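Next up, some structures in structure tokens.
Look for chain A in each of the two complexes below; its partner is chain B in the first and chain C in the second.
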Partner chain A sequence: MLFVLGAVATIIFFMFRLMPGSPLTAFIGTTFTEEQHDLLVKKFGLDKSLFEQYLLFISNTLQGNLGLSFTYNKPVMGMILEVLPNSIILTMFSLMIAYTFGIIVGAYLAWKRATWVEGIGIPVVLITRSAPEFWLGMIALALFSFQLDIFPAGGTSAPGHIYYNTLDKLLDPQFYHHLILPSLVLAVYLQGLPLLLMRSNMLEVMQEDFIFMSKMKGLSSWTIVIKHAARNALLPVATAFTLGVGFAFGGNVVIETVFSWPGLGRMLVFAVSSSDYPLAQGTFLFLAAILIFMNFLADILYLFLDPRVSYKTRN
Partner chain B sequence: MVKNLFNVLKKDPYALTGVLIYLFFILVAIFADLIAPNDPLRILFNSGGLARNIDPGREFLLGTTSNGRDIFSQLVYGSRNALYVGLTAALAVALVGTIVGLISGYFGGWLDNLIMRCADITLGIPFLPFVIVLAAFLGPSSWNVVIAISILLWPNSGRVIRSQVLSLRERAYIESAKVSGCSNFRIIFIHIGPNILPLSFLYGSIAIGWAILTEASISFLGFGPSDVISWGFMLQDAYSSQALSLGAYFWFIPPGICIVLMVVAGFFICRGYEEILFPRIKN
Partner chain C sequence: MFLKNIKFFAASLLYFLLLVFYPTFSSAEEVRKLTLWAREQGAAPAAHTAALLIAQTWKDLGLEVEVKAVPWPQMADQIWYKRGGESSDEDSWDVTMWQMVSRPERSDPDEFTVNLFHSTTAPKGYNFIGYLDPAYDAIADESRRTMDPVKRKVLIDQAQQHLADAAVNAYLVHPLMNYAYDNTQFKDGTAVEQAGMGIKNIWTYLNIEPIGGNKDLIAQSPDEIQAINPFFISGGTDSWITENIWDRMLRIGSDGTPQPWAAESYQWIDNTTIDVTLRQGMKWHDGNPVTTEDVIFSFSAPADIEIVPMYARFVQNIESMEDLGGGTVRFHLDSANAAFLTSTLAKLNLVPKHYYGPLLDALKGTGNNAETILEEKRIGSGPFKFVDWRPREQVVLAANTDHFHPPKIERWIVKEIPNVEAMLGMFRKGEINFISYYTGDPTVLEDIVAKDGDITLMKSVDIGFQYLAFNHRRAPFNDVYLRRALSLSIDRDMMVNAAWNGNAVRAGSHVSPALSYYHKEGIENFDTGIDLAKQILEEGGYKIKNGKLHYPDGVKEQYPN
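Let's turn to the complex of A and B:
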């Protein structure tokens, strides 16, 4: 995991360093003197060689220092930590909804194999998976915010309202009022994967010998489905959930932009479009770190949940 | 195989729907010049001056944008970009995944190790953020999506193809090919390659939907080219021109429906295709 993280960090560093144009163009006003320019170049360490810059970048990153934002002149790390809770809450909230819904409906669709329910259910699920998240978000906004005026049009609070800290935010009902629309839209997009996964797992598990055995024992179909089949079918879904966390963070970029949700994704979009390289680099690195950690966690979880995996690899 | 294909299409209404949707969009893209009444980027005028924010009607089938551009014509031309991005991305993913899988599986050893480590690293790069950064790096162009997809999606197809190659290379006919003095190159591309081609097609067809969705997202975020009409560009235009608060549903609903149709058609075809490849799924 650390190897992958290091490699990704290296790629990110060189990718941003090789970008065309001077990274300071956004920062320097036209009235700056040569002296001021040199001072800035020195301040951001741009006068050193590429290799020195790289070493500096790695050692700083290890110490949790991601540099200064060009546009805000504030530490990137602080800015990331400030918006991180928003992203985590949005992601987790919608993943919870999506996976609860997906698991239940997926199991149900497997049970209704080869009936009209499946005939309608599967295309509907596939359609929700093909709809761009931001498009669903736009429809939701036009309908529920602008036309019906039930939900706010974006952000995390009413204009002018400021949360003092994360706890204050979490206790304020208006935060949840703002959270509902984006997280539901995200959930609509995310539920397809657990649903289809759960369904195909259930179909597979239902054919196994131990299910046949329980049928012969005379257990009710409810007991078989819930106690025996669903428990086994859930294993891959648990792994998918872990992978889903890492993936959703990267994909949140669009949802956060549509709903003006101040999270990591929106910050990345802002940073890239305003050529704020340290900010873009830091956010990207953070998103990558979450993804890599979650991939790693999924591997471990799989070994832990399903002992057959380790057994297979040993042979 | 071709006969099989027709049988599956006959039996599988989903796959048939998918194929029909693609045919429809291909025809629209080819004859876009004839179908679209206006130049999608031209600013139109009518008797009342600038023809902006006009509701759908006889003159403008889906109305006009806030800049006075014909929405229906944009929709028609958007199919070109979607097909172009989707198909090139599919080709790129199939090509890269296949070559990597073949080399990695056939040669094994340190080369295989190296490639698989690269796959691990690639899987650690967040997809959409990478496309955004790449778009900033290379400048706005439809190619960014194709490049990003072929850089980031090869591990999925590559790994599956590799494991297939691992079992194929142990077969007797490969051994006899080696004994008869075939070069590695020839064995890989003449003897093993054709056997894994169906898998490459499968992963390629999955990539079509991905590419179209990604292209739309990138255009929506404002990192797409501004002189090429795409459905994502239309949605971005609508979003930033307050179409939502104006309730201009006719502006932003149709492009989304086109994207959904195109991507869902890909899913349907994949499902049908999987049944040709792995018939046991049918039960």
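Let's turn to the complex of A and C:
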């Protein structure tokens, strides 16, 4: 795990530096002097060789210091933590909706194989899955916000409202009022994967002998689907979910942009496009760490969901 | 047989001689393929369209033009940082689309007149085109030294004409900026237009009258707010906020000239000495009085470039300051500078010494500078007090009712809204009530205004401008005939209408018509056309052969010119 993280850090470091464009371009101006330029170069450590910069980056990172953002002059870790809760809440909320819906409907559609329900259900799922998020977001905004005025159009609160801290925000109903529309749109986009995964797994499991056996035992179809088939079909969906959680930390650029949601995705795009090396590096590294950890967690989760994986039973 | 050999030999020799010396006889060299740099379509749609139209026009002059559309970082890398390189391969751009944007301190023509064209700014400063002309330097220097506005106007006119005659750049347009507010929430006509800045300015924030139960002005910006710090010149939107929280000695008035503000009055003693008298009874947001000691601190602390890197150059010209008592501070300057009022007295934020003094002292020797100060309290003396900043979402300021010019609104709010369509929807719904930075298609906004009937739309000519910059270090741009021909071949009305969709006015100099006093009247009204351009090329000795433009006889390309 640490090895992978080290490799990721190295790749990230060199990738951003090999991209064209200098972080200093943001400072170009009619009153920008050579003296200021040289000061900035020194302050950013760009006067050191690439290798020296790399060593410095690695040693700082090992000490938990992700550096100062070039453009904001703020510590990168602090900036991540400022917007991280928003991203996590938005994506986790959508993931819950998407996976609950996906698993149930996926199982149901598998059960209803070769009926008209499937004939309508599958195309609908595929269409919503492949619709561009941006378009979906705009339609949702136009309908539910601008026309029907049920939901606010963006942000996490009414203009001018002040949350004194994260807890205050989480306890405020208006936060959830603002959360619903973006998370539903994101859920519509996310539901395809668990749904289709669940359905194809179910179809596979339904072919198995033990299902046939259960049917012969005269068990109700409900019991068969829920207790026997679904439990077995759930394993890959669980993996997808844990990885989805990992990705959730990165936020979602498109949804965040459409709904003016203050999340990590927008920050990442800004960091990359303005060549803010420390901010881009730090954020990507942070995300990589989360993703690797979630991958590990998915493996552990298997032990509980599927006892066959554990070493104990095998021995 | 022998004779035949001789004949053959002679013929070969002649042929050989011709081959070797032909270029010398017929010396007209073809003008190489040119590169025209522009931002990508998505990033700067109008300028991109303009570049394509211009490339097409220049083809009629026998030039091959390649439009290179690149993102800003790459463009800046090539054009800004590789200037004056070892070879023309390195310094490889020929012509580029470029823009200057408006800022309050640009209401004085000095910044553009000197910094964009003076030879001293050619190596590393903003004269990235490499324009070197001692005659122009003399005019620019003289205009900076001249305090009398009438005499100065003559010099600034002269500078504009000099640049136009030499076709140093090809000015295209001054864009029209679009602003709008909801006139069910604000009394119509109470927004104030500032020359070249539109209605997004402090005078509007102070004077706009909320009606119908509304108390807040809710503005928007598509850009990220990076910092709210009196010592850090960061993003454009950030500056709207800082100028509300921190007062300046003078402020740029709605007519574009500096007006007394925190200074009750000022008086030039001579060209390098000025007395500035502080307004009585001003208070910091924490209740402490504003003193002359604070004033001196505000202009002396930024002099340390290690601590306040971005403001240092604005106070460099101050040799010393003395407290004359009675609230008056005397500034002694190193050299006469007509722009001192605008670029120093109206630029530096007034900060309380008792609060920022210790903060700055603590930074000495740490390697960090004042831009890293992340204070919770942001103390100024301005008409608005800082209340809250939620990153990537909104900033909230509240009216400072103790101020000598208290605003009529209760709160000033700016929301970060990256998506234009969503922003328009919010505006129509009333979630925001002031469009302060419109980046979308102007016709969409005009349609909405026509449909809704309760929106006041304001269009205003920008101080900034869009232009074509020539690389003077590289042939053929060292030649005034060619530059003039290229510039005059471009139909400016077509630029306004086709590229900028009518949301711009013709440009002919670096001083916008928004700055009516210093703008040279009529400088943008010149004839254009391919025939005119061809005529100028002919006068300069250029020839179009087989549809290709050739240099005048004997002219060779070399780098640098």
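By our rule, the second predicted complex is superposed on the first by the 280 of 315 C-alpha atoms of A that agree within 3 Å, B and C clash if a C-alpha of one lies under 4 Å from a C-alpha of the other, contacts with A are read in each partner's own complex, and residues count from 1 in each chain.
One rule holds for everything that comes next: contacts are C-beta pairs under 8 Å (C-beta built on N, C-alpha and C of every residue); 3 or more make two chains touch, one makes a residue touch a chain.
Just so it is clear, the structure is predicted and the values come from calculations on it, not from any experiment.
Visitor: Touch test for A:S130: chain B only (first), chain C only (second), both, or neither?
Guide: After superposing on A, A:S130 lies in contact with chain B but is clear of chain C.
Visitor: Identify the partner contact of A:M79: answer first if only chain B is touched, second if only chain C is, both if each is, neither if none is.
Guide: After superposing on A, A:M79 lies in contact with chain C but is clear of chain B.
Visitor: With the two structures laid over each other on chain A, which partner does A:A7 touch: chain B (first), chain C (second), both, or neither?
Guide: first
Visitor: Given the touch rule stated above, what does A:L291 touch, chain B (first), chain C (second), both, or neither?
Guide: In the superposition, A:L291 contacts chain B only.
Visitor: Which holds for A:L301: it touches chain B only (first), chain C only (second), both, or neither?
Guide: A:L301 contacts neither chain B nor chain C.
Visitor: Considering only touches as defined above, state whether A:T71 meets chain B (first), chain C (second), both or neither.
Guide: second
Visitor: Which partner does A:L141 contact after superposing on A: first (chain B), second (chain C), both, neither?
Guide: Both: A:L141 reaches chain B and chain C.
Visitor: Could you say whether A:M15 touches chain B, chain C, both of them, or neither, answering first, second, both or neither?
Guide: first
Visitor: For A:T257, using the defined touch cut-off, is the partner it touches chain B, chain C, both, or neither? Pick first, second, both or neither.
Guide: both
Visitor: Kindly list the residues of chain A that each of chain B and chain C touches, one partner per complex.
Guide: Looking at chain A, the two contact sets intersect at 20, 138, 141-142, 145-146, 153, 257-258, 273, 275.
Visitor: Please name which positions on chain A make contact with chain C in the complex.
Guide: Touching chain C from chain A are residues 20-22, 25, 28-37, 39-40, 43, 68, 71-74, 79, 82-83, 138, 141-142, 145-146, 149, 152-160, 162-163, 257-260, 262-263, 266-267, 270, 273-275.
Visitor: For a test of understanding, state which residues of chain B touch chain A in their complex under the given definition.
Guide: Residue positions touching the partner: 14, 117, 120-121, 123-130, 132-133, 135-137, 209, 213, 216-217, 220-223, 232, 235, 238-239, 243-245, 247, 249, 252-253, 255-256, 259-260, 262-264, 266-268, 283.
Visitor: Which residues of chain A touch chain B in their complex?
Guide: Result: residues 3-5, 7-8, 11, 15-16, 18-20, 123, 126-127, 129-135, 138-139, 141-142, 145-147, 153, 203, 246-247, 249-251, 253-254, 257-258, 265, 268-269, 272-273, 275, 280, 283-284, 287-288, 291-292, 295 of chain A touch chain B.
Visitor: Which stretch or stretches of chain C touch chain A in the complex?
Guide: 71-74, 76-77, 80-81, 100, 111-112, 115-116, 123-126, 216, 218, 224, 226-227, 232, 234, 305-306, 309-310, 312-314, 367, 369, 371-372, 374, 387-388, 390-394, 396, 411, 413, 415-419, 421-422, 425-426, 428-429, 431-432
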